[in-house]
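Okay, so chain A shows up in both of these, paired with chain B first and chain C after.
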Partner chain A sequence: MKTAQTFKAAAVAVALLGATALTMPTFAASVPEGTTLAAEQVFKYRVLDNINTLDPQLVEDVDTSAVVRSLFEGLYNSGADGNPVPGVAESYEVNADNTVYTFHLRDAKWSNGDPVTAGDFVYAWQRAVNPETASNYAYFVGLVGVVNADAIVAGEKPVEELGVKAIDDKTLEVNLAFSSPWFIRTLSHATLYPSPKAVIEAKGIEWTKPENIVGNGAYTLAENTPGERVIVKRNPNYWDDAHTVLNEVQFLTINDENQGLTRWRAGEVDQTDVPAGQYPALKAELPDETFSVPQFCTYYFDVNMTDKQSNEALKDVRVREALNLSIDRDVIVNGILQGGQQPAYSFAHPLTAGYIMPQIPAASMTQDERDARAEELIAEAGYGKDNPLTINYIYNTSDAHKKIATVVGQMWKEKLGVTLNLQDMEFQTLIDTRHEKNFELARDAWCGDYNEASTFLSLLDSNSDQNNSGYSNAQVDGWLAEAKTSEDPNVQYAEVETQTAKDVAIMPIYYYAKVFMQNESVKGWPYDDVEQNWYAKDLYKVAE
Partner chain B sequence: MLADTRIDGVAKAEAITPTKGRSLWRDAGYRFVRNRAALVSLFVLLGVVVFTIVGPFFARWSIEKIDWSVVGNVLSKGYPSVETGHFFGTDEVGRDLYSRVIQGTQVSLMVGIIGAGIAVIVGTIYGAVAGYFGGRIDSLMMRFVDILYSIPYMFILILLLIIFGRSFVMLFVGVGLISWLGMARVVRGQTLTLKNREFVEAAIATGAKPLTVIFRHIVPNLLGIVVVYATLLVPEMILLESFISFLGLGVQEPNTSLGALISEGSRTMQYGTIWQLIFPLVFFVTILFTFFFVGDGLRDALDPKDR
Partner chain C sequence: MIQFILRRLAVAIPTLLVLIVVSFMLMKMAPGNPFAGEKNVPQAVLDNIFARYGLDKPEWQQLLEYVYNVVFRFDFGPSFQYRDRTVNDIIAQGFPVTFTYGAWAFVLAALIGVSLGIVAAVRQNSWADYFAVGVTIGAQVVPNFVMAPLLVLVFTLWLRWLPGGGWNGGHWSNVILPVIALSTSYMANIARITRSSMLEVLSSNYIRTARAKGLPSRQVIFEHALRPALLPVVSYLGPVFVGMVTGSVVIDLYFSTGGIGQAFVNSALNRDYSTILGITVLLGALTIAANLIVDILYAWIDPKIQL
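Moving on, here comes the complex of A and B:
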């Protein structure tokens, strides 16, 4: 999942939240006894960019996913600690080698009163892989292992052959191409949500408009003003509506972190990101409302590896390596962001369950050694201060992204004589430009969709729709395929990370932390979930 | 001969004390100098211009060099100080604000002067031609101006900057495209009142060609109003550029302009780094005020009706 935000944060959360975790509900907002709830249960959440399409099979960014999570519900949700909790499915059975999952659905309803059936899931999943839908997440269904998904995406098989079938209205059977013990963890992702066949067929592309949309989540769409706000209201037809506390959630687009903070202080939003570099001061000022928790995302630069870009220098691995080495991550993390982010030299997030981060050579060097090596490499490649190189960089408008770009540009200029031209654009334009491979260097960030290393590393597969750098290495593709059936996939993952670091198709900068200000009255936030998949139905506001 | 000597005498007397003709320009000069606000503003403005030329020689940091010792501690280390060489402090990423303010002022002044310059050249010629020829040509030319006027220029400018990328050239082209419209209207109106005056008729009677009449007789008589309008146009152009920069569409990093600096400064003012806003703002306000006062002074001086 893509993210437009920049910085989120650190390990302080564990001690702080230990007590909270004990009282965490299995599902829905569980309000401890004796709590006085606030009279007005409206949660106002600040987002950086426009909320894009609300079609669950088309969603690709983090903030829009948060909206979609409130409008739709998958088979399983992720709980307060990130582990799966039942959603539309009440229970499941799995065969011995983890390849056939059978789900038993509860009596859930769509917001128009129709029952949610196994057929709705079959329809949605087929829709996700159908080439006609042209979803940038089509590959996801194959990634999690559903039989024939990749072939259907490639147009080689009809959608009906997807390995998912409705045994009856309440029973869904999923066949996987490989043994996947972590399959349940992937079900909270929007691509695998059900979608209402009748509505989509009747309304076509207009079906996600507020007057047409039908969902099965805890909320229904009340308003969608592009670039301004999305408002969702409580859905009385939701199966667990009795336990929902918040009546309304407002997603407000505020395209500037500083303005977000001003409005948070004025009480206009309940949650906002901390502007880059302001975490220490705000934590000292408002210790109970300033949070920094690790987040399951990696910030990196894409290098366009395809022939669609004409900068010959970037095709030289020595130049890419020199650029990569001369980025001083410590300055970015400790000087610019200051919110508990961790410097990154490889792609997958170190907190990924079961993942052992391989030792990348660059990570163990000192910055002086890296700089010295970078200068050697750029000289070998024939560039340097006497033959300066110019590179164009694109990013989505945000103060923090601009700061990082400025600082990196200056590091390159001082160490390598490289001039970095910056160009900012709207987030959706950036996403499209990256998919079209119409750039030299681009800002990118990836948030894991489920807690397993393949959610990151699969982006390096030459066939991935989200492989924005256009990196293509047959060996890497081979290792990724092998990892799916491997006893210990960490062996292959280490190979993939080492090879990618050698080829420098991406330049990882840092691992995210979610650094945010949250009004004291808001309770139930999943601080312990590294994926930071929050559900509005789990939150509640207490009286102050 | 008596008569001759007398004439001779007069001629001699005149040769000894020639009467100085008081030209209109000279009169205007006197009136301008008597206008205290305008005169002071002119000197302040010249001071700012001189500062943007001389200032860089005293700068110890370039506009894009990051002071790595300040990064992350802007509040405690990046304040204005002579010791560190950051006379105006540093911006959020540790770049020297002194150099950046100077560069921003240069850019803003350039945009203002080039924008007004285009307006003077294109607008004057266009308006004078339309007004002088009159009739169908006038109608066609002025309707064209009306059409351009009715297009929301900010929208066009933003589109231009997005489509062709952000650069100095595009900014000047965009500003130049719209700046001359008002000037053309003013000049045309003035030309209409001038073209039937006796000296123009005399010129036509002596067989002067239309273009000669326009450039020799009409345009020089328009100069007063053109100068006044141009001085008032400069701050308007500066404001326009600043607004575009404030929206994040102006000149590209690492270059900057006063609008961009103010925009950045205003975002961080709540964190105590107030100098990031104050310095560019002082220069911006000073330039605008002085230009407006000088413009006002010139109008008072050159417009005979207000005498």
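Moving on, here comes the complex of A and C:
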């Protein structure tokens, strides 16, 4: 797409030249000429019972983000290919070392007609880190580098010291604690959307109710019945309303995925996820309406390396590598998941923007070579079929997790003589057990928060809260720190991936795919955005 | 009578308090917390959230404050899972939904169930009996989690007559399928209980006497046999009513009605402590009320029972 290429070129120019002003073409539903639009522009999208809040600073999950994205808009949005396109900001400047960003805001309005000002962003960002707001995503503001965010979350500094200020109503300055060339990529996250101070202060917890809420997105809230549906309708005060086509979006809760498919077939929803294992059949039956696109997540096993578990064998890198090599990922993705998932041998998603996936030795071997090497390693470590090893694995109750665990257990049994004991548990129990490091191997998965490799690789830092393996390597920590200011962070990322693969800090299994049914009449979906951040304002329906 | 009701209500209060304390303790013993997800939250953030919801206080204090708020302010607190809603909001939204289709299903199950049961008993071993028994066995062996998808397949996908889920403000077309799916197996049970109880009564001496003195069959059945035959049915209906208007978890989840059963399951899975407690208290109170009503009905039906 032309717009995107222009932008890429511009982004490269910024990276090379440092401080450069940047103005980009606007982006909205781009309907090709000659298209006959459907008379009824209503998009019905299936969600789970997980629309927990409509407060941008409290949003946690993917579906809720999709709703909030229609009600609010940040400085930058994600375009059709996942690269940033202007939202409330028309352009920005950045200093030479990528630590001070200055945004120029357009004349955008709130749904009540008030102007959207730089002060609204300052208020919202301060609100996100304010301990009283108690947002789960409070840490995100510090993660992307805004000065003093972590100290404010910890209650050590007042919110006014957050590194964001309004120079005037239309100019916002953000100070970062470290050089971040990818800061613009983080701005489409709901935590960094503006919020309406007057309404929040007047209505308190009730401010997100349909009768109270004021947003600056392309849609306004018409109905919110948690567990059943959320309905949003077009906002005439949105700055780009002229290019919006969809008049209404219905987020319909359908708890059961098979029920979702039945209702999709009956035409009651336009889009729903494909139930596990049904992709090949549906693709054959309805090739134009069945989609599988890469999704920004990696599925992996944690290997507990701390002293909190007593299985000494797992502390032997030869054992870990033998286990890792003998997992036949092709069987898992092609035999079990069957939805276009890709085998993973390293952590960061290969389609992460700007990331060049390094060549991990295991990835280029055949499975026979891997198995042969695994047998050698396990023998060297003193285990094998004559001295069998027993390992415990925990996962949360789910058919897919169970199938994967069973198959991996079978592979290990046949190839290495390892007995894998499976223990399934409730999701909350798994999280707790994993966090307490009270396990040997555990199921884990990670979805990127922003489109840059550090969203994955920072988990391998010994100080990361998400480092469930308890992996600690000073060299890796060093590379991760260096990458933040590096001219080309891919150099450090390659080191990190290669080293952690060598140490088997985790066992990556596969990269996710989003597998869904979509009505033929729906157009404008961002199939190429690995984060699948869709904006209702960019979609339209054609006449059938 | 009045004294009986007052006595039962006096017992209800400590029962509810015990319910709250036990549920509270069980909940706190379960691993996990309402704010944990696949992504671990940094400790500083977690501390803020716990402080915001008073979870940093000692548990006995949390319990006392909770009971105080429930009893004196009728406030079940904020939901931990739905961050911009209170438990009162959740119950106010979900309970009417489940109550609506639960009550319809109850009426349907009771009316058809009792009628089928009577017909089957009175015309024992006739085609009507076989038909009624056949229908009830059929309805009983198809549990509601099988019935629901079957109904959706037929009425939503094939015939396109009715929506396969949602609530749409209680529109009649959204109510029909949940009502049928929920009522069939209860209806079957009611029919079976009515039939066997009716058969027993019909073979008793006083019915033979009534027939012997030449009373018409209609009078024998409706004036003499029905009342005692309904006793076991009534005792079954009390808990069924509560179950139908509150705990129709499967139907709620399957039809995604936004009802209270769905909220109950999700709050338990997400460790939404305040919502779990709120709904538990609601269910407890309804169960106590339903049992009380059953006892009063009993006394009315059976003069031998003194309250």
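The rule is short, and it goes like this: the second predicted complex is superposed on the first by the 326 of 544 C-alpha atoms of A that agree within 3 Å, B and C clash if a C-alpha of one lies under 4 Å from a C-alpha of the other, contacts with A are read in each partner's own complex, and residues count from 1 in each chain.
Keep this in mind: a contact is a pair of C-beta atoms (placed from the backbone, for glycine too) under 8 Å apart; a residue touches a chain by one contact, two chains touch by 3 or more.
If you're wondering where the values come from, they're calculated on a predicted model, not measured in any experiment.
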item	value
Partner chain in contact with A:397 - chain B first, chain C second, else both or neither	first
Partner chain in contact with A:225 - chain B first, chain C second, else both or neither	second
Which of chain B and chain C A:256 touches, first, second, both or neither	both
Partner chain in contact with A:131 - chain B first, chain C second, else both or neither	second
Partner chain in contact with A:144 - chain B first, chain C second, else both or neither	neither
First (chain B), second (chain C), both or neither touched by A:331	first
Which superposed partner A:214 touches (first chain B, second chain C, both, neither)	neither
Partner contacting more residues of chain A (chain B vs chain C)	C
Touched partner set for A:410, first chain B, second chain C, both or neither	first
Touching partner for A:159 - first (chain B), second (chain C), both, neither	neither
Shared contact residues on chain A - chain B and chain C	256, 258-259, 262
In the complex with chain B, residue positions of chain A that touch it	256, 258-259, 261-262, 277-278, 281, 331, 334-336, 338, 397, 399, 402-403, 405-407, 409-410, 413-414, 421-424
Of chain C, residues touching chain A in the complex	30-33, 35-45, 48-49, 51-53, 78, 81-86, 90, 93-94, 97, 149, 152-153, 156-157, 160, 163-167, 253-254, 256-259, 262-263, 266, 269-271
Touching residues (chain side chain A, partner chain C) in the complex	49, 52-55, 58, 60-61, 131-136, 138-139, 150, 153-155, 205-208, 225-229, 252-256, 258-259, 262-263, 265-268, 426-429, 431-433, 435, 444-447, 465-466, 468
Contact set on chain B toward chain A in their complex	64-66, 68, 71-72, 74-75, 92-93, 95, 165-166, 248, 252-254, 267-268, 270-271
